[in-house]
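Quick heads-up: structures coming right below.
You will see two complexes here that share chain A, one where it goes with chain B and one where it goes with chain C.
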Partner chain A sequence: MNEFNLKQKSIEDINIIELKGYLDAHTAPKLEDAISNLVNTNQYKIIVNFSDLDYISSAGLGVFMAFIETVRNKGGDIKFSAMNEKIYKIFDLIGFPRIYEFYSTDEEAIQKFKSSEK
Partner chain B sequence: MIDLALKLKNSFMNSRYSHVLLISLFLLLKIIFLFRESFLISFIGDLILIPIVYSFVKFLIRIQERKRFSQIQLLFGFIIFEILFILISETSLYFLSPILKDLKILLVKPTIFIGLISGFYTIVYLLFVSIILAILTILFFTKQKKNINRYYKTTIVLLILGSLSSHFQKHFNLSFLEYTFATLSVFFFIIMSYLNKWVIYLTRKEKIKVIIICNVLLAIVIYSMIKSGDDGGINELIPIFSNTTLSAYKFIFAFAFVYPIILQVLTIFQLPVTEVIEKKTSEIESLQNLSQMISKVLDIEELVSIIIQTIEKIIGSKDVFLCLIDEKSNCKFYSNNKENEHLFNYLIKTLSSKTNQMNEKIFDVEVTELDSLSNHKIEKLIIIPLIYNQKLIGYILIGRERTSILEEDELNTLKSIGEYSVVAIQNHHLLQKSIEKERLEKELEVAREVQKKLIPDQAPTIKNLDIAYSFIPAFEVGGDYIDYFQLDEDNFGFIVADVSGKGISAAFYMAEVKGIFESLSKILTNPKDILIQANKILCKSLDKKSFVSVVYTTINSKTGLVKIARAGHCPILHLRNSKITELLPSGIAIGLDHSKLFEKNLEEISLHLQTNDFLIFYTDGITEARNQQLEEFGTERLNAIVLKSKNNSSQIVIQKIIEELTVFSKDFPQHDDITLLAIKYLGDKNERV
Partner chain C sequence: MNFTVLTKKLSKNLNRVRNNLKNSRIKTFKSQTKNLILIREFVREFFASKRISNEDLEKIILAIDEACTNKIKHAYKYDETKDIIIKLRLIEDEFIAEISDFGLPFNPDEIPVPDLKENYFNKKSGGYGIFLMRQLMDEVKYEFKRDGENKIILKKKLNIKNA
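And then the complex of A and B:
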């Protein structure tokens, strides 16, 4: 089974979480902890980079749903970037694009955060 | 000579009646040649005594092996036999004095009567020699780690030689021989006595007992020594029968004098270290107890309490704390002393400031701020980090009332306490995990049971429709749900859904989904309306992380009119004339949005089925099934199979899909439920007629 890994970096007040590997019911808690830490420290601008993610299960999708309301109420957002076609298809089937914003690169997502500030 | 004696000994050793035989032989020899002053005969007679004494000592040692008398009991036995021996000689003196009046004359020309008396005393002396020799031998070899066999054998050989040499003294006036052997024998005996080990293991109380017994023993020996000058002639009586016995008795007497002195000195020297040894022994015992408790205690509070108790016992401090660090690096403190509660805040503060410099080493912290906090006398805090797999899992904290440097041996003890505690705590965690796992497996069983009851056993038989389905639950219960409802005579509703998440929660949501759709299908007829209402209801009960993907379809079996609404579910395959269309009306999963967004995005499509049209519904358990190369089964493979088997019944189509899926993912465990529903429209036959 592929391992799951996540890396975090921040650009100004925007946090980028890079996912890698296999995000399922067993590995989702790691991502949950990471986002929960950001939310608890009042960091609500989050970009999740999917470029190295191989698989996402419904439990993985659930993580974003758990936080989106809180984050948006605080004026932030969770934006998705660099998703490959296969992963996007899963998000698309379930209807995420109607609710979440998807960008092809982190930069675009950052720009979006910045422009919405003005 | 000695070789011969040894050979004799060996040959008689195995015989059960060896000493009876030997004693009879000895007595016979003596009685026959009683009045012969022959050197050879008395020498051979005494040689026979050696195996007698040897086998008797052996016999006594064997008794000890069975009864296991303590060393103090043995010393006490020493005293009792000494006293008994003195009593015998004293009382017999009283009876014998009239007979022995003219001893000098009697000795020159002994009668048979005198010979018998002499024989009796010879045996009594031999018994005494054997018993004392046996007791000493047992004591020497008790808890003996060193190989003292060499010394022991030398002492015994010297004893035998010395005893036998008394003959030479008598017959050839070589008295120096006996004295030389005696001196050497006592010398080796002193070495052996000095190597006594069992005293070390005694408790303080027992050591004091040993000293008292030694003094009593000494007093008795000295008393009988003084008396021996005035023994009324027994000492002269015995040589009539056996010269060697008297000599051996003298040797043993010397041993009995030397042994209590050396033993006493040894014991007195050992007294001061007794406490240290007792402490070490109790440490080892406590640690052993701890390791035994490890596997028995399930409750962490109880386990920690036992660890703390053990440490308190070993260290002798009442201020022992245990701090466990959980996965979120929170410290939890434990202490058996309720008064210590107010110290916790201080400790947490101290620890957090010291955490950075922590490594595997034990260290101590001077406690300065504490005076103002309480009236506690703790001046120093020893901190033992608990490390497992290079990860800090907690600390043991020991308060000390005096500021002193930790000694090397204390450090070692603390280190092993730390190691034992880590094992205990880790064991507990592992146990918890396996219990958790078992619980989880039970839970999954319940979930599978629930799921099984929610899903219809058989595909419905409906006019004009050929319906088949397959449902293969995964081990972890994936949350798939399939069902159908009869809406009226010709209209039927079908639902294929996938509740996110796994296990018991998925099973319960599934039950809720079933209830909601079953009731809504009775009130509403349009798939879209049903899904909108279902979303409204489910949004209230689903937790934030969960969602349900659903396809709801109604089919009119008479007209072939199909209405489909899809909420975030996999596409529906529509096969018509060798062509597959993926039906994908827009719609987001139930639970994703609580507002109008769901309704706004939901699309309902309708189509008229033609004869031999297929509708295939499935869940992502099929398309996401993997093989060993981690490739997914995917929609293309699925579509290809459906196309290939288009002329078959629904049952065959499903069978083909499952077959190929099984072959594809044969080496990879199924991680999600697999659900398939095939509906083939057979056309309205009545219409055609």
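And then the complex of A and C:
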């Protein structure tokens, strides 16, 4: 069974969170802590990479809703990258594409952050 | 009734019982979020020998996860000693999951359809589970029994390819 794993890296002032495995009510608090730590240290440019995420439930989706307003108010954003079709369909059911930006790669999301600085 | 007819009838009944057993599973899990992964495996195993589409399987797994998550959070308020009973049945092409708890009754009809704009400003992280279940399944029903059993019934017609 594939558990949940979360890795973080930063490129300049942009933070990338890479998700792996299963994001459910048991593992969502780990993601919540990670985003919370970034927000508490005034790091508001966040990219979440979904390429290795196999599963998401509403507990995982909810984490993004808890922070998006705060992050955008501070001039940042939470952008999604490399999401597979299966996971995207769940985001789509809830209507997330109306709120969040989705990119094929981290690089595209980084470029978007950089171009909006100008 | 002669012996041959009786034997045939018995054998037919036996087959029906066998099929019912094969198409019905029941299991009790403790009300703990760490068990969600086991619950999803339980559902996956139930369908292992049944030819349903991967898309339907993923929808069912997510709907059952959402139902159990709701019970852990709302019915049992994270009391890890309590039980969640999951009964899975396949009757011809209809899948039925009955998920029971004995905690606080929880009326899902009082939960509004999530309003993303409102939730955005209120930083609301919950309230999507019931909406998702309704999107993923054909029918979501609730039963509250006098003995304290709260049951959620999920139904979905499946496109089963013959084995």
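A few notes on this one:
One rule holds for everything that comes next: the second predicted complex is superposed on the first by the 117 of 118 C-alpha atoms of A that agree within 3 Å, B and C clash if a C-alpha of one lies under 4 Å from a C-alpha of the other, contacts with A are read in each partner's own complex, and residues count from 1 in each chain.
By definition in this document, a contact is a pair of C-beta atoms (placed from the backbone, for glycine too) under 8 Å apart; a residue touches a chain by one contact, two chains touch by 3 or more.
Model, not experiment: these values are computed from the prediction.
Taken together in the superposed arrangement on chain A, chain B and chain C clash. By the touch criterion defined above, A:I11 reaches neither chain B nor chain C. Contact with both chain B and chain C is seen for A:A66 once the two complexes are overlaid on the shared chain. Once the two structures are superposed, chain B and chain C can be ranked by residues of chain A touched, with C on top. When both complexes are overlaid on chain A, the residue A:R98 reaches chain B and chain C alike. When the two structures are aligned on the shared chain, A:V39 is found in touch with neither chain B nor chain C. Annotation: chain A residues 24-25, 55, 57-59, 61-63, 65-66, 69, 90, 93-96, 98-99 touch chain B in one complex and chain C in the other.
Taken together, the chain B residues at the contact with chain A in this complex read 476, 479, 498, 500-502, 544-547, 549, 567-571, 586-589, 591-593, 597, 601, 620, 624, 630, 671-672. On the chain A side of its complex with chain C, the touching residues are 1, 3, 22, 24-26, 55, 57-59, 61-63, 65-70, 86, 90, 93-96, 98-99. Interface residues of chain C facing chain A in the complex, by the touch rule stated above, are 33-34, 36-37, 40-41, 58, 62, 65-66, 69, 72-73, 114, 116, 119-121, 123-129, 131-132, 135-136.
Residue ranges of chain A in contact with chain B, taken from their complex: 2, 24-25, 54-55, 57-59, 61-63, 65-66, 69, 90, 93-96, 98-99.
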